[in-house]
Amino acid sequence: MSALSATPATRRSRSEHAMLLFVRYSPLLLLAIAWELAALLHLVSSDALPPLSSVIVSWFGLIKDGTLFTNGIASLYRVAAGLGLAVVIGGVLGIAMAWWKPVNVLVAPIVEIFYPLPKSALIPVTVIWLGFGDASKILLIFLGCMLPVTIGAYNGARSAEQVLIWSARSMGAGRLRVLWDVVVPNAMPELLNGIRTALALSFILLVSAELIVAHKGFGYLIGILGANGSYDAMYAVVLTVAFLGFAADRVYLLITKQALAWRD
Amino acid sequence: MAGLDQAAIRDGGREPVALRMMRGIGWGFARIFSVLALAIAWEVLARSGTFTPFQLPALSAVIERIWSDGVSGDLWINTGLTLYRALTAFFICAVLGVAIGMAMSRNLFAHWFFDPIVSVGFPMPKIAFLPVVILWLGVYDVSKITMACVDAIFPVIAATVIAIDGIEKELIWSARNMGASNREVLTQIVLPAAFPQIMTGLQVALPLALIVTVVAEMLMGGYGLGGAMMVASRFANSTGVFAGIVEIAVVGYGLVKAMSLIRRRLLVWHPEAHEPSTA
Amino acid sequence: MPALDEVSLAVANREFVALLGPSGCGKSTLLYLIGGFLPVETGAIRIDDKPVEGPGPDRGIVFQHFALFPWKTVRGNILYGLERQGMRKKEREKRALAFIELVGLQGFEDSYPSQLSGGMRQRTAIARTLAFDPKILLMDEPFGALDAQTRALMQGELLRIWQRTPKTVIFVTHDVQEAVYLADRVAVMSARPGRIKTVVDTKFDKNDPGIFKHEAFVDKVDEIWRLVREEAIKAQGARRSEP
C-alpha cells in the first residue's frame, strides 16, 4: 500500500476496539441473562435447565475436588497425542505425495476412498481393537485427523509455482534443498488450514468417543454426571469442553497468523 | 451481423457430448479400479494371517454378514431409520439455515444477534450438547434429529450469508432498473444468484447430518446403523462392526454423489460447467 | 472526500452525451444518481421537470460488466424487463426475438451468459435494456471490459442501433476518441471531487469510415485530451506523491 492516500487511514483507539468487541458478543451475554431469568422464574423445569448460577457454582466445585482436572488432562492428552501424530505423519505424507509420483500413485486412492467415510463410524472398531482406554481414542483421532492434514499438505505443496522451484535450482539448490526451502514454506498456508480443520475434528471425535465408550475424560464425566442426576455439574462440563474447542480454534488462529504474515 | 467473436465460438464453447461422456466414464473406471484394488488388498491381508480374524475379518465374511442382514430385513430397517433421521434433520436445517442466513444479511438486528452465536458455535464440538438435548427431549428420534440439525445448520447459515453478501450489486440494480419490486428482487434475483454457494453449504451439511445422526444412535442405542454397530461392538462381533462401517460408508458416498448430481443438474448455467470462451 | 462537487448539466431529448474523465472522478457515480441507484444529497435530478426518485424503466442502464443474470439464457435475460412490464406472453416473445436479431445474436437465444464471449454478453446486455424501451439510455463504460477490436466493432453497432431507434444517451467513458466519435457533446469532468470542467460540441459525420483521420476530428480529440490530461495527472497525484 502506498504511503500517501486520498482517504485518511482509520485507526481505532483501544477503548473503541473493546467497545466494538463488547457490542459484537453482547447477544451471548443476553442469552446468559435470559437463561438465568428463565430458570429463576421457573419458566422451565429446574431439572432440565438449572440456573446458570448453580452451574457456575458446581463448576468451581468440580475444579476444587479435582474431577475436572483429572478428566480434562486425560482428554487433552488424547487430543494432543492423536492430533500431534496426525499432523506430523499426515504432513510428511502429503508433501511426499506431491513431490514423488510413486507415493502419490500408491496413497491417493486410499485417501480418495476414505475421504467420504465419516470418521466417527470408526469408534466401535477402535474400541474392539484397543479397548476403552486412551489408546483407542488416540488411534481414532489420529485416523480421523490424518485426512484433512494430508490433503492440506498435498494441495499446498502442489501449488508451489514451477518458476519458484526453477529459480532455486538455478541458484544451486539440490532437489532436497528445494523441497525444504521452497515447497514446504509454500505449502504452509494450506497445511495450516488443514490442521485447523483437524483441530476442530479432533475435539468432535474425542467428545463423541468419550460420551459412548470411555472410563475417563470430559465425555465420560458428562455421561456420569447426567446419569447421577447432577445436571448442573453436567452443564458445567458441557460448557467447559465446548468453550475449550472454541478457544483452541481462536488460539490456533492467533499463533498461525504470525506464520502466515508474509502472505499479504 | 456476424462478428469476429461469433466466429470464434461454435457451440457456445461446449465440447461434443460424446467426448464428455467418454471423459466421465474414464474417471468412473479409475475410481472403481481403486476400490477393487483396495477390496482385493483387504481380502488378501485378512487371509494372510498377519491379523487375527477378530482384528481384521475377511471382506468376504463382512459381505456375508451384510447379505444376511439384508435377507433378514435388519439392514433395511437400520439404514432406513438412519436415513430418515438424517434427511429430516437435513431438510429442517436447510430451510432454517437459509432463512436465518437471509435474515442476517438483510436485517441489522438479525445479524447482530446471530453473528456471535454462529462464529462462536462453529468451532465448538457441538456433539457435547447431546446429553443436554437428551435431557430436554428424551431418547427418541426427536433428540437425534435435533442434534443433527444443530450441527448441520452452521455451514448452511455461513454459506448463505457469504452467498448473499457476495451478490454483484449491479444484478440487483439491473432488476430494479427493469421495474422489479422488492419482493421480486428477493425471489427472482437474490435467491438464484446466491444458490450456487448455498448449494455448497448444503453439500457440506448433508454428510454432517448423517454422521451426527450415527453418533447419536451409538450413544442412545436402539435401531439404526449406529445402534446396530454398538450392539455388535458390545458382543465383540468384529464382523458386525466392520459391516457397519461399510454400510455407513456406502450410504455416505451415495448421499454425496446424489447431491453432486443434483448440483450439476440445477447449476447447468454455472460457469464452472463450461469451457471459458474467448474475449 | 465527496465523489462529486457541484455538477450542473442539461441534456436535450435524443441527445448523445458523453461523460469523460479520469478514474475516480465520479462519472459513474453521476450516472448512478441519474439512474436512481444512489440517493442525491444536495440538489436534484429532473427528467422533464419531474425529480428522480429511485430506479425505474424510464432510464435503462447498461453496466461495464454486463450484469446479466447468469442463470437465465439470452432470451430469458431480455424477457425479464418485459415480464416486469406486465407485457403479454406472445408480445414479449416477439419483442425479445426482434431485439435478439437487432444485436445480431440469432442462434444464441438459448445460450447461457457463461457460454458467450465478452462482446456477445455486452450485446445481450444492450438488447436487454433496449427491449423495455427506456426513454433514456445510461451506459457505464459499456465497452471497457472488451478487447480493442471488439470495442471498435461494438461502437459501430451502438451507433447503428441508435440511429435506428434514437434515444437520449448518457455514456460514461475514459476513452477520449470513443467519446468524440460517439457523442454529440462531451462533458469533461475534473478529478475527484468531480465537477464538469467543460462541455465540448463533437458533432461529426459518424457514418464516414474515414472520420478518424479527418483533421477536424483529430484536432478535437487532441483538444479534449489536453483537458483530460490535466485532470488525470491531478488524479494520479492524489494517490502517489509527485516525483
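Chains: A, B and C, in written order; residue numbering restarts at 1 for each.
Just so we're on the same page, contacts are C-beta pairs under 8 Å (C-beta built on N, C-alpha and C of every residue); 3 or more make two chains touch, one makes a residue touch a chain.
As the structure is a prediction and not an experimental result, all values here were calculated from the model.
Asker: Kindly work out which chain lies most centrally, taking the average of its C-alpha atoms as its position.
Answerer: When every chain is reduced to its C-alpha mean, the one closest to the whole-protein mean is B.
Asker: Suppose chain centres are the mean of their C-alpha atoms. Which chain sits farthest from subunit C?
Answerer: Taking each chain's C-alpha mean as its centre, the farthest from subunit C is A.
Asker: Once you find the CA centre of subunit B and the CA centre of subunit C, what distance in Å lies between them?
Answerer: Spacing between the chain centres: roughly 45 Å.
Asker: Which integer distance in Å separates the CA centroid of subunit A from that of subunit C?
Answerer: From the centre of subunit A to the centre of subunit C is 52 Å.
Asker: Could you work out how far the Cα centre of subunit A sits from that of subunit B, in whole Å?
Answerer: Centre-to-centre distance between subunit A and subunit B: 21 Å.
Asker: Two or more other chains in contact with one residue: find those residues in subunit A.
Answerer: none
Asker: List the residues on subunit B that touch subunit C in their complex, please.
Answerer: 1-6, 8-9, 12-14, 168, 170-171, 173-180, 184, 188-189, 192-193, 195, 268-271, 273-274, 277-279
Asker: Report the residues of subunit C in contact with subunit B in the complex, numbered from low to high.
Answerer: Interface residues on the subunit C side: 32, 35, 37, 54-57, 59-61, 63, 65, 67, 69-73, 80-81, 84-85, 104, 108, 111-120, 128-129, 132, 146-147, 149-150, 153, 157.
Asker: So in the complex, which bits of subunit B are touching subunit A?
Answerer: So the residues of subunit B in touch with subunit A come to 31, 34-35, 37-38, 54-55, 112-117, 120-121, 123-132, 134-136, 207, 210-211, 214-215, 218-219, 229-230, 232-233, 236, 238, 241-242, 244-245, 248-249, 252-253, 256.
Asker: Residues of subunit A touching subunit B in their complex?
Answerer: 23-28, 31, 47-49, 109-110, 112-113, 116-125, 127-129, 200, 203-204, 206-208, 211-213, 218-219, 222-223, 226, 231, 234-235, 238, 241-243, 245-246, 248-250
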